[in-house]
Amino acid sequence: MTATQRRLLVRRRVPWGDIAFKLVLRLCLAVAVAFLVTLLVYVVYKGWSRLDPRLWENFPSIRRPERAGAKSALFGSLWVIGMTAVFCLPVGILGAIYLEEYADHRRWYNRLIELNIANLAAIPSIVYGILGLGVIARGFGFGTTVITASITLSLLVLPIVIIASREAIRAVPGEIRNASYGLGATKWQTIWRQVLPSAIPGMATGSILALSRAAGEAAPLLLLGGLTYVAYIPDGLLSGYTVLPIQIYGWISQSRESFHDLSSAAIVLLLIVIIAMNSVAIYVRNRSQKRW
Amino acid sequence: MAPSQLPDLFDPVFTLQDLSVFYGDYEAVRGVNMRIAPQEITALIGPSGCGKSTVLRCLNRMNDLILDARVAGKVTYYTEDLYGESVDPIEVRRRIGMVFQKPNPFPKSVFDNIAYGPRINGQRRGLDEIVEEALHRAALWDEVKDKLKQNALALSGGQQQRLCIARAIAVKPDVILMDEPCSALDPIATTKIEDLMQVLSRDYTIVIVTHNMQQAARVSERTAFFTAEVDERGERHGRLVEFDSTARIFSNPADKRTEGYITGRFG
Amino acid sequence: MSTTGTEPSPASPLERARSRYGERAVQVVLVAAALVSVATTAGIVISLVPPTAEFFESVSVAEFFTTTVWAPLFEPPAYGVLPLVTATFLITLIAVVVAIPLGLGAALYLSEYAHARTRKVFKPILEVLAGVPTVVYGFFALRFVTPALQTYLPAGLQPDIFNAISAGLVMGVMIVPTVASLSEDAMSAVPQGLRDGAYALGSSTRLVAVRVVLPAALSGVVASFVLAISRAIGETMIVAIASGNKPALSFNPLDAMQTMTGFIAQAGSGDLPTASLDYKTIFAVGALLFLITFAMNFVSARLVRKFREVYE
Amino acid sequence: ACGGGNQTAAEQEPGASQPAKELAGDVKVDGSSTVAPLSTAAAELFAEQQAKVRVTVGTSGTGGGFEKFCNGETDISNASRPIKDEEKAACQAKNIAYEEFSVANDALTVVVHKENTWANCLTVEQLKKMWEPGSKVNNWNQVDAKFPSEPLKLFGAGTDSGTFDYFTDVINGEEGKSRTDYSPSEDDNVTVQGVAGSKGGLGYFGFSYFEENAGKLKAVQVDSGDGCVGPSVQSAQDGTYKPLSRPLFIYPKAASLKRPEVLAFVEYYVANHKQIAEDAKFIPLNAQQETELQGDLAKLKTQAGG
Amino acid sequence: MAPSQLPDLFDPVFTLQDLSVFYGDYEAVRGVNMRIAPQEITALIGPSGCGKSTVLRCLNRMNDLILDARVAGKVTYYTEDLYGESVDPIEVRRRIGMVFQKPNPFPKSVFDNIAYGPRINGQRRGLDEIVEEALHRAALWDEVKDKLKQNALALSGGQQQRLCIARAIAVKPDVILMDEPCSALDPIATTKIEDLMQVLSRDYTIVIVTHNMQQAARVSERTAFFTAEVDERGERHGRLVEFDSTARIFSNPADKRTEGYITGRFG
């Protein structure tokens, strides 16, 4: 008995299947990461020669690619993203507060709003471009200006902001609310003084990710006059504009190789902006994880 | 239950007349009649699910915050109908404070926790004194006087719970409701809170829910024993079985069920 | 209660001390904010429906859906949307063939094999992959992937300069994070007890992953597929840059083709005369795209809900 | 809608067209993508003198440009063909008056892959065979039996462009008629990339694009019956490059010319057309065209002055 | 503790020699020595956190799955070092089955749950018989024979737990470890499981962790009492206090702490 027992506990064969499976899974992750690395290395390599102050100090030029820069696109992006934040963050956060704190989920209209937001989150961005073109640029007559682009992008990322903010609000324990109500606070006092401060990190994370999405969007802006030679910094909501992704698209479609290097450099610039935004979001999220 | 077996020895702070509470269609508590005396500790005891918390929440209209909760019968606060048309539940909760089972300090400084109540009532000055007084009364001052700016979440559980009591006191309520305020605490912290309750009961009317009979026996003057009864349709409803002086309830209860529960043979 | 004269307290009655118009106003503002999302949908529908309806006054539904030449801007125009639809689905298919194995593999690895620390490093990396702007992917497809394929694929299999395969491959990588992250969430939601149960029966990690975790997380995993597919269908810049804008009813991924989104981007950036049929064509294609993704969302919402029910 | 910076017009003193004076305001230019490099070059050069005047140049195509222009949305429309009658009518309906300036010449260039050794000269007939509506030609050997078997990949202008209108007009005999199964783009650079990337590729676009990419592409000579002629400054200016040479235009809106910044830009454009054309690798006007342009400019100046 | 006070009456299935378990730097269990007899029920009891589950998980190397868990000392299975180099933990777990506190059926059919183990061991045929036999042994056959294709999650809690036992039996283990297998069950289901354990102990060696002393007294032949002791540095470590026949432990324990715990004065 003892002898057979002994054999039975010992590995009978090399578990090749298990080993191979693990390797394949690891490979899947590795391929995705390798792709990212290749992409980054490629654009940095291609754009290296143009990664200098010319990139953000000069305006675009189609005569002299060696002198051209993305100044107008960089500042245009800052304008558009800034205005997008101004439009969509208050609306998104207030909407999330309504849905989490006020809405009675047994009511059909509140459920409709929720369903609607989930659906909006997956509608292709180019469809928002159509919305911006048909309703905002032409319908409201804002034309192809910063305000049109900002409103369109706001609507595009609004569902992301709402969904993230709702989750952040939901993560605030009910006990905190009870404590506040128990002291005679009104609903809004409870929300404003207790719920929101606690939910801010989560909201910030979602909002930054939403804005970084907006910062990289090009498709809807194609329909909104983004593809234009603009050699100035916007000075208002009704000003013409161009943004980095569109400028990149414009340069990619140029045929001269020097423009491709330039577009790589601009891609690096855009990626820096976006990865920085993402890192801030991840940092905020990690830092605020263990509260309760 | 028939109207309280107690003689009318006091001017009641709360008078519950035929109080029933529904969650949606479910009648969680049925036909409770009782009177709660001022400047005393009243304990609500009974097996889990018998509706103690539900009744307690009726007393400061915290039930309003539960979407489908509904109250029938009458709750009178002194002479005023607590559920009257013109009554403002927010005002109610300011007057009738509440301390919860799990200590729930706000994730802010100790000072801001205590000052929260006065602040939302528009008070801007004299906060230092209010905070100090509330912490003194809650027997917490000595322990936290050097950490007023520190985050309240860094306090120990027992300190947190006393902080919550101090926070409730700071708005100068008439009544303090406590729902199992010690069940998340260790024995030493529990003792401190119980001592505190005794001191506070000189100035405040206190109603406490506890599942710890020893605690009820130790701290309260009067005890209400609730149980859950199954009706003809098989639904469980919380009922008030007996309400009397604590001494009587624990030594010589009138009802068999009370006796069974007290001696551990039931519930 | 017999006496009222000796009442010790209520100093003031329990009535409202201050009028709280502010609370009301706040509520109105909040409702308005929530309604913006409804207005957005309404706006989309309003901007799509009238031009689409007018479009179908000039072009028969039958021609739109059954003929196979898409040349709306030419003389004479042809309005068979099928080439756009097949191109959309072909490129999506390529993307899905890339994304599902990679995404699922990465998710299984992160959820069943990786240490907490590894997960903490790689999840953000995948998120960066999701955050890379799609113009960048398009650029990479056109400038790196296509030349690489032209160089390394055997003669005869070499793609055109604009082609579906590069766009599809790159799009596949783009949606890997969608699959990986949502699937990983679904897998993490599988109760540890199930894993313990399987391990205690002598399962290897592989068997736990494949036989227990994956089936238990299946609806969440499938929901992630659906969401990834709808992202692929709606993706614009990659195809606009890398797949060529040549509407052709072809199933050869080495050919240039044009997707629905590609058409909208191309025709839309040309800024067509508002009243023209050409302009309305954009909206008709947009409406079709909207309907397709709407249907996909609907399916995925259903799946997600079902998946939630299993453990809640 | 947004009328392109009228808001600043009021601040300007009337008649301020001296370059010395600091001007400000927006000038919206849109239209032909062929002409866009020319106008962009003009804008870039102009910006060196008037940094505060903000010139934007869109690329909606000649047709798309006129649509916006006649809708009052832009100040200047670029065009690679003269304005059409229906476009004139549209402008008239909105009370938009305009001037027409011919600012440079273009030689529509037919290009093939650098390694294409067989197609040095194509006849108009052969081009038509490839491009006419319904054409099924998809291999070079179907164009001419002497050509090798190589798949023909066609790239060309988008339908909204003047280039498309012009090419289809002179090659296929009717404006707008073309086979449809090629890769069309409003953006000629896409054509450059497409042809440069396909051995059997063939495409057409403005001369400047060829000039910029001469290293990657090969221009084909065209035979319209008088022998093979290649596109060049010379052949375009003297009219021997037939039938694909054409003038390019800008159409400033009369009302906008009342704004000093627009006027200054147009004057600058016209006065420096030669330098601009060379800078943007376009073909400058010939002597006769230049005289006409000077006349137009003089007319414009008297208008502005009065 | 000194080596077991029990006389060596059996050929032990498990021999634990100076077993300590660490979670990271924290020594959760310190220096346990005990022997577990074949075809008997051994119960591990003690206050919460004293390391009962930890010790149990050592016996089939489930601790391997906890990232930073580490075992010191020696665990011998019959004559073999359970933590020996060439030992395959997967094989270990196949031989030494485990049933958990909360019933954890796979979200599959009843049949597939039971067949899971044989299947992953490569068995394709004869599954019907194996499933039927396992269900019979787990006293569940009559209740589920008509719902073999039904999802196991639709069974009641007690049925689910017996299903988990049947699932463990189906791989024909030598030993069944059970970690508080009844704590999620109602009294009736608990009785059924306890009866089942009695029956199974004729064929299997069973080790059970329970916080229910009555249960230990009812079902087990031997009982090990653990407690958590605070060491000089203030850290709590699980220790084995006493291991003896259940009768002795419950009637006449050798150690004061055991007695205190049994009579409810401690822990």
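Chains here go by letter, A, B, C, D and E, matching the order in which they are written, and residues are numbered from 1 within each.
We adopt the following convention: a residue touches a chain if its C-beta (ideal position, glycine included) is under 8 Å from a C-beta of that chain, and two chains touch if they have at least 3 such contacts.
Everything numeric in this text was worked out from a predicted model, so none of it was measured.
Path length between chain C and chain E in the touching-chain graph (shortest route): 1. Contacts with chain C and chain D are shared by A.
Chain B maps onto chain E through a rotation of 175°, based on Cα atoms and reported in steps of 5.
Looking at which of A-C and A-D shares more C-beta pairs in contact, the answer is the pair A-C. Farthest chain from chain C, judged by C-alpha centroids: B. Per-chain CA centroids place chain B at a distance of 43 Å from chain E.
Centre to centre, using the average C-alpha position, chain A and chain D are separated by 38 Å. Chain B and chain C have Cα centroids lying 51 Å from one another.
Annotation for chain A: residues touching 2 or more other chains are 15, 138, 186, 225, 227, 253.
In chain B, the residues that reach two or more other chains under the touch definition are 90-92, 95.
For chain D, residues that reach two or more other chains under the stated contact definition are 30, 58, 190, 193, 196. Pairwise chain contacts present here: A-B, A-C, A-D, A-E, B-C, C-D, C-E [touch as defined]. Taken in their complex, chain C has these residues touching chain B: 1-4, 6-10, 13-17.
Residues of chain D touching chain C in their complex: 30, 58, 60-61, 63-64, 67-68, 71, 133, 153, 158-160, 174-178, 180-186, 190, 193-194, 196-198, 201. Within the complex formed with chain D, the residues of chain A that make contact are 59, 61-63, 137-138, 141-145, 225, 227-232, 238, 240, 253-256. By the touch rule above, chain B contacts chain C in their complex via residues 8, 11-13, 15, 35, 38, 76-80, 82, 84, 86-88, 90-92, 95, 174. Only residues 104, 106, 173, 175-186, 189, 193-194, 197-198, 291-292 of chain A touch chain B when the two sit together in their complex.
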